[in-house]
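Look for chain A in each of the two complexes below; its partner is chain B in the first and chain C in the second.
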Partner chain A sequence: MADFKTKPDELYKSIDHTPPKAGWMDVPAQFRPGNWCYPAKPEVLDYIGFPNGRKWSPADEDWKLPENWKDIIHQGFRERLEKFRSLKIFMDVCVRCGACADKCHYFIGSGDPKNMPVLRAELLRSVYRKDFTTAGKILGKLNGARVLEEDVLKEWFLYFYQCTECRRCSLFCPYGIDTAEITMMARELLNLVGCNINWIQEPVANCQRTGNHLGIQPHAFKDIVDFMVDDIEEVTGKRIHVPMNEKGHEILFITPSGDVFADPGIYTFMGYLMLFDAIGLDYTMSTYASEGGNFGLFTDNVVAKKLNAKMYAEAKRLGVKWILGGECGHMWRVINQYMDTFNGPPDFLQMPKSPITGTVFKNAASTKMVHITEFTADLIKHRKLKLDPSRNDHFTVTFHDSCNPARGMGLLEEPRYVIKNVCNNFYEMPAQTIREQTFCCAGGAGLGTDEFMDMRMRGGLPRGNALRYVRDKYGVNRMACICAIDRATLVPLADYWANGVDISGIHELVGNALILDGEKEREVDLRQEPLPGKEG
Partner chain B sequence: MNAFYSLIFVFALVLIALFGVGAAHLSYFFGVILPLAAVIVFIVGIVLKVLGWGKSAVPFRIPTTGGQQQSLDWIKQNKWDNPSTASQTFIRMVFEVLFFRSLFRNTSVSLRNEDGVPVVAYSSAKWLWLFALMFHYSFLIIVLRHLRLFMDPVPFFVPVLDFMDGILQIGAPRLYMSDLLIVVGLSFLLLRRLVVPIFRYISNAADYFPLLLILGIALSGIYMRYFGKVDVIAIKELTMGLVTLSPKVPAGIDASFYVHIALVSTLLIYFPFSKLMHMGGVFLSPTRNMPNNTRIVHHENPWNPDVKPHSYEAYEDDFREHMIEAGLPVEKQA
Partner chain C sequence: MDLAQRLVEERTELATKWLDLLLQTYPEQTQKLWRRNKDPFTNPVGQTFRQALSELLDLVLDWSDAEAVSEALDKIVRIRAVQDFSPSQALSFVYLLKRLVRERYWRELEKAGALNQLWNFETRLDNLALMAFDVYTKCREQVYEMRVSEVKHAQHKLLLRAKMIVDIPAGKAEEAG
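Now for the complex of A and B:
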């Protein structure tokens, strides 16, 4: 948290939901440290073939836009109105009822009225009215229309990179207007004139070349996995084999690279490996398709398609029957709602069927990709796992629904079922902050970067406050989640708003509880902390 | 300010109609030409708008899921908030359109301090839902009751509706509940925009105008029925003339009727160009009208771009030596 020093109390007190006197069109965007992300480096944009890479800063007066930027945006807007009915409808039908207004975590934590989803969308809509509607052309400001000037573009950049595409607003809107969709469109328009952020574009570039966001090369990837195999051996006394890039297996397993690389995701990764060993799964991982996540979703639909295509390409090359996917939020929005359309249907794969229980995953009939908690819940239901939940008794657990699995899929019961079977102490956070109403970690959609910490902590308030509530009431000290971005962003969030709660994936808890054949008596959990009763 | 402009504009419309009919004797214009033109604009406008929406592609199936997905057999799916078939989606839409299901979820957030502990609290906020339903259903009932002026014989359900709406048997002519409720509903919707700071902040003239306009229509209608007691027989002669396209303007129709019909015409003309098109948009919204089944049934993007991933071959070429050294299988030896 490099420069971010505001104390939680001060931040909380500073939040004011009263709008300013001046109308929103008359309040220019204010760039201050902590509320914007660094722009993409020119060489990164060049590598992925995005236009107008240059050195610039949002804080500067001059953004060095291409001369004909207004034309470029206008053409891009027109094209997207034809390509996306969602955009056209969402531009036309909002009644500004305000039902979405206080549903956004960024508004709740910042009080900035342009973080109300309705106004965030109006930033784009105002230009739409001026450029594409008769009423807007004639009535102008009276009808909420305005000319696209540089100040407007600056607002777009600020506020469309203050939206995590979490879709909470969309759930409450009587017409289902999805500000996430509007943000995606706006980011595509901004790309056309070279205004985008490095935290998204660099992972995209990395992913293209090395197969994962972090740019880990194949040999290094294997090394890291080997380290984890060592760690598993230390905890369980068992050495596990992890097939990598091997042909002829039944299943390809793909998980976000954050699990392989970043604490605390690595413990979840160990949990997967132990699970696969326990059931003798015939699987392989891949270094070429070593990224479940897809930062393309946060910048451009064509890029998202391109990155996603590796999954099927690798499944085909390796000759597997179906694909199993790890714990990740936006990865599952892509798989559940886009993958089949992007790159499917994959006729070379077979209907996914659990080799252990025989269960056919009918809800993946076309895409042929199954979520790991669907898979594990089925194993547990059929009593195929030997579990000792008391090995998680030092945790009182709650569950954070990640936005995308909740509102872009509906994966609600599966993770809960798994947790309740591997942990003895589980408590839910308040109803308005979980399941389909869940609150974002405030670092999704490519905004989980350190320079954005002020807004992240503000946006993290609703989640953090709900967490604090269960911490104080039930003694919760562990928040489980099924998202690699969460596992990175919730750690500082919990430190800030609900100190004393750790973050983990679900399969870390599975790994703790899982009894492997021939394992030694465990003294420590996967983090090498003493198990309950084994302290001292 | 926005509210004020809208109010002035509605007043102006009223005055123009009064003056036009009273002093300038333009009753043929206000009674025949304007309404006919308005109906044409209304119909053509809506058709063009909906066709315009229909012309745009639906590249992805992106429902917002509001409950448990279809999953393992023993996990109960929330079929109406997270439908996976067409018929389940139909039911979701019925709930959305007839009962404003999403709006029913509404909550309101407040930041408090309880003994030094920050508390972000959510309370249920169904007022908007209640008054929005009240307004829309009153409006619908009133429109349907008006059919008695445009059809001969009057369809069977109109007298039934008429009877039900007036079942309270208060006053003469009998008070219609819908008349009362539409005014209450509209007043609430208007007041919340004027009083609650954030709603005031997001409202522009295009938000106040339809509310005030419809309120004007309702009030002029109420005046005609309960106070002006206008000559309904003569009015039906006029309205039937409109539908049969043999227009005539009988004498003795009160000026208040021309005000009413001028405001209605304005609404019809305004409708296709405004947010009132939410009436059509709600049916076409891709986050509501599609099932959550892209993993089950393929969805085709009509403009699916032809892009290929960075290929495995290129990847192996890039890293082959390292891969061999690390013992990873390769397709081609170095």
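Now for the complex of A and C:
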């Protein structure tokens, strides 16, 4: 008879559940399904003039890099260090104090030390030290320097595409190092050897071709808007006119295309249209500047500049006085921090002034572009809107500060002011998870693609955790946000971490509460769900 | 020796050690941060594990409410199901309790000729592992479902709104025309 002598640890010996003890430089990047995004298609790269397009997969051993890839990277690094003083400072100034270490949503959710912002930046810095500093050249590893080998490049690809450029870590850095810009530079270097992702490059190519990320052509864009006008009529009984590509209006309205084609963004779009109708705004939309977002920001500064240029070009062509912008995230980082030097100042435009209240938006004196929650908050403050917040009584609302409007432009009070005026039930998530300290949706910076779902759930954990808390404590069932990427990526995030909470933009809630002149008695909200008290 | 009684008496120490073993499945730098920070919102993984393992231990000792056990498991497994673990690594924490209990009480029970108490308790842990497996599978299925629905949803709605396809109208085909 066989002997079944059991040793105490035999059962779980076969499972290696402890991580390696080696230093971070000696732990190679692990590509697993769910932690990387699909590479860009070669034809897409060709179209936008990016080099070294090819069919390859991060999961393969051979990445089919160009033969002289090391020289290409070295040269590209040198050029950027000379061109961007900020990059040189960010490479030199970090003292590795660790203040940022546990601030990244990806680190918090995954526990992977290379998601610590300090270590992520160190992936680039180690090569910088080796190639561009005397101490690094001489002392090598002792000075935290290392030679750029293929494994290092693979590590760059993995981890710089595990950063959403949300800048939560920068908030805690005593030197104010902008880690988003470090990621931007690393992605630019990766572009040089054809290592980039399709979820970014294809929207960039589409945007160049049709003016928006999805490649919606002008007639289809108009059809979609008409469809929404139909829906608004069904809900309110009122037919709304949406001016498109019309010259001679006062304002050009630009919003992310996500509001036009994706649920639940479209309900926010309907809210905009209803608002403009209610106040009789003299505006037009454009099928050419049909995209407020700018995926160029996630891949290359020259491309970002090019895609951004259409906003001013179209404002000029249509002869408007100023631009009103919709609820978008990174669009506002571009507008607030880069547009002025990219393509400004737009002297042909005028200082934005609300035609309804007379308020002058001096904060937009230079860019000539106003955020719609600033605009709407001002309308409400001056009592220019007829509102019935009880139409949102079926919602208990919380607000997710979208990273870029919060940290990139300090837009913190206006969205809350609007929500509190159009909803009766509003509760904040815990203080350490909102406003400047807000947690990312984990799908920004071009990472909101389905093959990245595991990583998105990891990175979405801190937001989801705070959301679950207010769901359980106050019965929150709706999370409002002011970013089109949020409106897409927060949906599965909420499903997984705080089931039962729906996502919406703020102007969807405005649209529900807004009383239009001559409207019929409403039975349903913008999603055509029964209003409170009308369920029968 | 009464194992059940000892487990109840020493539950606080057991919970601490179980948490310690669980945290050891993460890199050292991570463990340090997750042990130190007691804020449930800036350290959701560390604090959820701390709270949920303690709760789970009590439920295992009590062993009367399957639903509650499953809910407590969900808190831990939901996190580990989307982290960088193989399925066996993700669920190893159940067997870490098995190891803890064996190492602590094996010799004593053997001496007292009462090893059967250990086998009885371990049966519970085997059941716990199977329950964890169910929760894990449910979480993974949800991730895949979300992937599919994200793609399906976006494409269908877009085609509809661009008026390239139409929905079936209400009523029977003959009546609707």
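Please note the rule applied: the second predicted complex is superposed on the first by the 516 of 536 C-alpha atoms of A that agree within 3 Å, B and C clash if a C-alpha of one lies under 4 Å from a C-alpha of the other, contacts with A are read in each partner's own complex, and residues count from 1 in each chain.
Please note the rule applied: contacts are C-beta pairs under 8 Å (C-beta built on N, C-alpha and C of every residue); 3 or more make two chains touch, one makes a residue touch a chain.
Everything numeric here is computed off the predicted structure, so don't read it as measured data.
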item	value
Clash-or-fit label for the pair chain B, chain C on chain A	clash
Residues of chain A touched, compared between chain B and chain C (which is higher)	B
Which of chain B and chain C A:V524 touches, first, second, both or neither	neither
First (chain B), second (chain C), both or neither touched by A:D454	second
First (chain B), second (chain C), both or neither touched by A:P19	both
First, second, both or neither for A:I356, with chain B first and chain C second	neither
Partner chain in contact with A:I380 - chain B first, chain C second, else both or neither	neither
Chain B versus chain C as contact partner of A:P345, first or second or both or neither	first
Partner chain(s) touched by A:I515 [first = chain B, second = chain C, both, neither]	neither
First (chain B), second (chain C), both or neither touched by A:I108	both
Touching partner for A:G410 - first (chain B), second (chain C), both, neither	first
Clash-bearing segment of chain B relative to chain C, given 61-69, 115-123 or 133-141	115-123
Doubly contacted chain A residues - partners chain C and chain B	8-9, 12, 15, 17-19, 101-102, 108, 113, 116, 223, 430, 432-433, 461-462, 465-466, 469
Of chain C, residues touching chain A in the complex	24-30, 33-34, 37, 39-45, 48, 78-79, 82-84, 88-89, 92, 95-96, 98-99, 102-103, 106, 139, 142-143, 146-147, 150-151, 153-154, 157-158, 160-164
Residue ranges of chain A touching chain B (in the complex, touch as defined)	8-9, 12, 15, 17-19, 23-24, 81-90, 92-99, 101-103, 108, 113, 116, 118-119, 122, 133-135, 139, 141-144, 167, 170-178, 181, 208-211, 217-219, 222-223, 244-247, 287-288, 301-302, 305-307, 309-310, 313-314, 317, 335-342, 344-345, 359, 361-367, 369, 374, 377-378, 381, 406-414, 417, 430, 432-433, 435-437, 461-462, 465-466, 468-469, 472
Sites on chain A touched by chain C in the complex	8-9, 11-12, 15-19, 21, 30, 32, 34-35, 101-102, 107-113, 116, 214, 216, 220, 223-224, 227-228, 261-263, 266, 430, 432-433, 450-451, 453-454, 457-458, 461-462, 465-466, 469, 488, 491-492, 495-497
Residue ranges of chain B touching chain A (in the complex, touch as defined)	2, 5, 49, 52-72, 74-76, 78, 81-82, 84, 96, 100, 102-103, 105-109, 111, 117-120, 122, 128, 132, 196-207, 273-275, 277-278, 280-282, 284-288, 292-301, 303-305, 307-312, 315-316, 318-319, 322-323, 325-329
